[in-house]
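Each of the two complexes below includes chain A, the first together with chain B, the second together with chain C.
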Partner chain A sequence: MAGYLLRRLLQVLVTLFLFVTLSFFLIQAQPGDYSSFYSLNPKLPPEVQSRVRAQFGLDRPLGEQYLLHLKNFATGNFGVSFSHYPQSVLEVILERLPRTAALFLTATVVSFYAGFFLGKMLAWRRGGWVEYSATISGVALFTVFTPWFALMMIWLFAFKLGWFPLGKFLDPLVWRNAPVSANQVFGYMLFTGAAIAVILFLAMLLLAQLGLRRRGWLPAAVAIICVASAVIAWAGSGVGYLALDILKHMVLPIATLTLISFAGTMLLTRNSMLETLREDYITAARAKGLPEKVVRDRHAARNALLPVVTSLVFSLAFAVDGGVITESVFSWPGMGLTLLDAVLSEDLPLAMGALVFVGLLALVAHAVADVLYVYLDPRIRYQ
Partner chain B sequence: MNHDGRPPEGFAPAGRTSLWAARVRLALRSSRETWRAFAANPIGVVGVAIILIFGLMAVAHPLLMATLWDPTTYDPVTGFGFDEISHPAPPSWRHLLGTDPLGRDILSQLTASTTSAFVLGLVAALVTVGIATMVGALAAYYGGVVDAFFMRLADLIIILPTISLLIVLTALLGLNLFQLALVLGVLGGFGGTAVVIKSQALSIKVKPYIEAAQLAGGGPWHIILVHIVPNLLPLSLLYMMFTVTGAIFSEAVLSFFGILHIRMSWGIMIHTASTGGYLLGGASYWWLIVPAGAAITLLCSSFYLVGRALDEVVNPRLRGR
Partner chain C sequence: MLDQPSHTPFTGPLLQVRDLTLHYRTRQGDVRAVDGVTFSLGRGQVLGLVGESGCGKTSLGMGLLKLLPSNARLVRGEIIFDGQDLAPLNDAQMRRYRWRRIAMIFQAAMNALDPVYRVGEQILEAMEAHAWPGIEDGPAGQKRRQAREKVKELFRLVGLDPELMDRYPHELSGGMRQRAVIAMSLACRPDLVIADEPTTALDVIVQERILRELKSIQKELGLSLLYITHDVAVVAEVADQVGVMYAGQLVELGDTPQVFHQPMHPYTAGLLASFPSIRGEKRPLAALPGEPPSLVAPPSGCRFHPRCPRATKECRQEVPPVVGQGNAWAACWHPLGAAQP
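Our next item is the complex of A and B:
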């Protein structure tokens, strides 16, 4: 296991190195260099241009520039953003990365669980109009043109029904006299979410150790206590209404991203589950007289899970792209919108920085999912 | 199905012409069989029907422009509907799908975009499959360093978020339709498709006829081009279909963001409606969004459906299930 993890980590580092190299060639492939954008912009003082030329080493030979690029990457020095001038690229990105990570993580986890659960149920209760309509809508969601679908979601839920706000991160009217900054509140919200996840995970482990996990009401009770205490803590903190405002703006983008990505998981789980149900060990489990629920969840679904996770690992890049599209349609100020705005305003350092971080997000997610797969598939673990 | 549609070399009848005649006859027979297996699956037939309808639309546009449609009114980019009082005008007999905010005919734009969608899809698919087949065959045949290099490269490309990369590429280089197709083709060819085709090539490499060809003195290139690549073609054809879906989708997204140098496409049509502020009109301006959005979704899913149906024909594991 440790050997595998080490090898995997080494692979991630090699891939990261290749990716940074690729980004260097992308920059080299453009006509001119970074500083030519400065010379065309009368608003920026000349010392900025000379500083950037020195920082990126644009006057030195190519090999030296490449080494400098690697060094800049390792130290997190992506230069200064043109469109957010006094701020450096890293500052802009660090401000926005958590928003994208929250969107992406929530949507991926929720869509995976929902897709897996629905796919399992569809395969279990085969036939009938429920399976038929779920499959059709699954294919439709899987192939729908993402921006168009996001726009339709905004039109229906935000404009026509008025349940949620029309995009953006927060409502300025609510925040006018706010005592804290939005990033602070959002940071605490992320912390709350992470804390709940960790506590729940530990509680599940503990319950499994004590052999109490089969009692259905215990995990649910723990979850309810966790969430309720978090809600009470926020309500008492005095900035709960601000958190609620951000939360309201988050619902629609997350719902859209989830709906787009869950269909693939659902269809794949259904197929994989149908194949598993034909195996001999399912017949054997039934012959032993095990309850149907145990056969479904412990014997069939557990084995049907593997191909689904494999496909999840490979579709993560697609999910990150879906996040970029969703963000820009919803004006959610995360990495995707930053990337697009940077490109539209020809802010190349920011665009490159955003691309590197979006790639990094995909890379890390990919590695985590891979490790998770090792945990799920004992055949790899004991190799 | 006979995988390459050809008789084994040693069993060919004497004489050059009769050999080719036999080859053609066998290829025809095998394609008839393939079609029968394909047609047994309704989703594949539906997909082909949708693609044919779009093909008709693509052919219809230049014909209509030459005959019925006056270019000053109906040109997809520079036309203007002088006969309407205000734009965007709802569907009427003169403009069957109405006009866009700039007074251009939607039906003309829709049909004109079909051509570019097909060109883009075809170029991207051909480049992808050409590269992927060669890379897969080379990696499988040589193994070792060649294999490791191409597979690590494929890993990198699989992890890359394509749309984000393309957004930055358009900023750095400014892509037009043909260049976009090339970039998508190269990314697909060195990426996931190469991995799938390589695994197929590995199973071909261990077949006895490869060994026989090696013993007969065939060089690496001869074996790769004459014995491995033809046997990879059915799988390549399948992946062409999936590439077309991805290419059309990517183009539509980038055009929707308004960052491609393209004359007209479905994505640009939605971009025009979106920047004009007509999106939240919802149902009252449906002709601005629904035709283009439906066209993208339909053409993408039709190629996807054909791919799935082909998969059941090409993939012996799924056949006849």
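Our next item is the complex of A and C:
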């Protein structure tokens, strides 16, 4: 297992190196360069223009530039953002990466659980109007044009009903005299979320170890206690209203992303489960006199999970594209919007940095999914 | 050694099937997969059930445990197991009989193991579902440890290395998986094991060996065994009694030597003639002419009449009478051994 992890990590590094190299030469292949942002200004005399080029190192041979580029990336030096001057690219990205991660991680986890659960139930209780309506709405959500759907969500829930804000990350009026910065609050929010997840996971492990997992209400009780204590802690911190403001802004984008991506999981799970239910080992599980729930969850759903996880891995790559669209529709200042803005404002260092981090995110997600798959399917060897 | 099956006051035959009729609803109409089948199986006895593919023998086996697809319907009949009729029981009530009293070795048994769990785990799971039969009461962990020992014992009984219980199914060969499935069927100390083509997917040598072992285990544990197969030779080897199925009906039943040496039903004779005999006299193989009939609209009268060399007008029109008595009979207008009309 350790050897496998090491090999997989090495693969990520090699792919990242190729990705950085490719993106460097892609930029070279395009008209203009890093200095265009400044040097194309017609008011600058030619000698100043060439001085600017020299400052960026653009007068050196291509090979040397490439090596310098690699060295800078390796040392975490992504340069200074033009449009967010004087912030460095790394600062901008480190501020925005968690926002995207929070959005997509939540949407992915929620849509995966909801889609898997619904798909499982649809396959288990076939026929009837529930299955038909769920399948039809699933197909509709699966094929809907994302920007249109996001706009409709905003129109209905933010504009017509006024339940949620129209977009953006926070409401400046709420934050006018805030004692702490939004990034700090958001950082603590992420920490809270991660802490709840870890505690829940450990609690499940403990319950399984004690053989108490079968009692359905126990995990639910643990979850409620975790969330309740987090809410109490935030309420007592004095900045709970700020967290609530960010949370309100998160609901609509997460709901939109979840609705769009859960349908795919649901439909795939349903098909996968229907196929699994025909397997001999399902009949065998029934013949063994196992309770229906055990046949459904422990045998049928467990095997139906495998292709669903595979498709999840593939869909992670598309989540990045979707990020650009969703984030710009909701004006959510995450990586996708940053990438788009950087490209539009010719902020090349930031665009490069954002691109590399988006790539890194996808690579890491793939690696995690691969490791997960090996754990889920014993037939796959660590190779 | 393993304990003997638990004894109950009921002293009749372990299993009595009366007029069992199963239909599948399909777009073409009702498929009469099992039609009025009646037989009984005593304790410690082996009944072989032979017939061509699609004659309803697998449906019969699954029907006894009421493990049928949702479009199947138990039209009528009784499945009296140990004095209790299983036919009217619901799923929750059936669960107490499944595996604990009646276990099964599946057709293509190699696929009967879930690929994502270790083999031993799947056996323990069955034992756990039935409150650890044959394991002394105690704390959960202790019962589990004892049950593991029991599984190891079962593995030795079927000729498997006990270490294999902690392997995944894909790590075992076909023959090993087959033995593991046999071990699994014995885990809850059932009274009756239904074996549905348990060796068909294996090569002949492994098949032969497993068959012998199954027979000796059956004798040793005093199990009743319902052995379903298309292979006449296999039945001759394991069964005390033979039932011959044709188009959803039982057409002949009798003690194995008698059915094999003096078949009464022309279909039985045809079936026997279509199998080569290694030790017997050399003779040309006679394939039965024609195809098994559709079970949606079976032929009138005797269902075998379109393929029967002895068929007459009454065979085409009237349901044949049962000739013979008790546990040796055939349903035929013109049984062999009687005068040709």
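Convention: the second predicted complex is superposed on the first by the 364 of 383 C-alpha atoms of A that agree within 3 Å, B and C clash if a C-alpha of one lies under 4 Å from a C-alpha of the other, contacts with A are read in each partner's own complex, and residues count from 1 in each chain.
Throughout what follows, contacts are C-beta pairs under 8 Å (C-beta built on N, C-alpha and C of every residue); 3 or more make two chains touch, one makes a residue touch a chain.
All figures in this text were calculated on a predicted structure; none of them were measured in a lab.
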item: Simultaneous placement of chain C and chain B on chain A, clash or fit; value: fit
item: Touching partner for A:303 - first (chain B), second (chain C), both, neither; value: second
item: Partner chain(s) touched by A:376 [first = chain B, second = chain C, both, neither]; value: second
item: First, second, both or neither for A:339, with chain B first and chain C second; value: first
item: First, second, both or neither for A:154, with chain B first and chain C second; value: first
item: Which of chain B and chain C A:47 touches, first, second, both or neither; value: neither
item: Touching partner for A:29 - first (chain B), second (chain C), both, neither; value: first
item: Superposed model, chain A: greater residue contact from chain B or chain C; value: B
item: Chain B, chain C and vertex chain A (Cα centres) - angle in steps of 10°; value: 80
item: Minimum C-alpha spacing, chains overlaid - chain B and chain C, in Å; value: 15
item: Contact residues common to both interfaces of chain A (with chain B and with chain C); value: none
item: Residues of chain A defined as touching chain B within the complex; value: 11, 14-15, 18-19, 22, 26-27, 29-30, 139-140, 143-148, 151, 154-156, 159-160, 166, 314, 316-318, 320-321, 324-325, 328, 336, 339-340, 342-344, 346, 348, 351-352, 354-355, 358-359, 362-363, 366
item: Residues of chain B that touch chain A when the two form their complex; value: 152-153, 155-156, 158-165, 167-173, 192, 245, 249, 252-253, 256-257, 259, 270, 274, 279-280, 282, 289, 293, 296-297, 300-301, 304
item: Parts of chain A lying in touch with chain C, wherever the complex brings them together; value: 126, 211, 279-281, 283-292, 294, 298-299, 302-303, 376-379
item: For the chain C and chain A complex, residues of the former touching the latter; value: 62, 65, 67, 70, 91, 94-100, 103-104, 106-109, 111-116, 125-126, 129-130, 140, 168, 170, 184
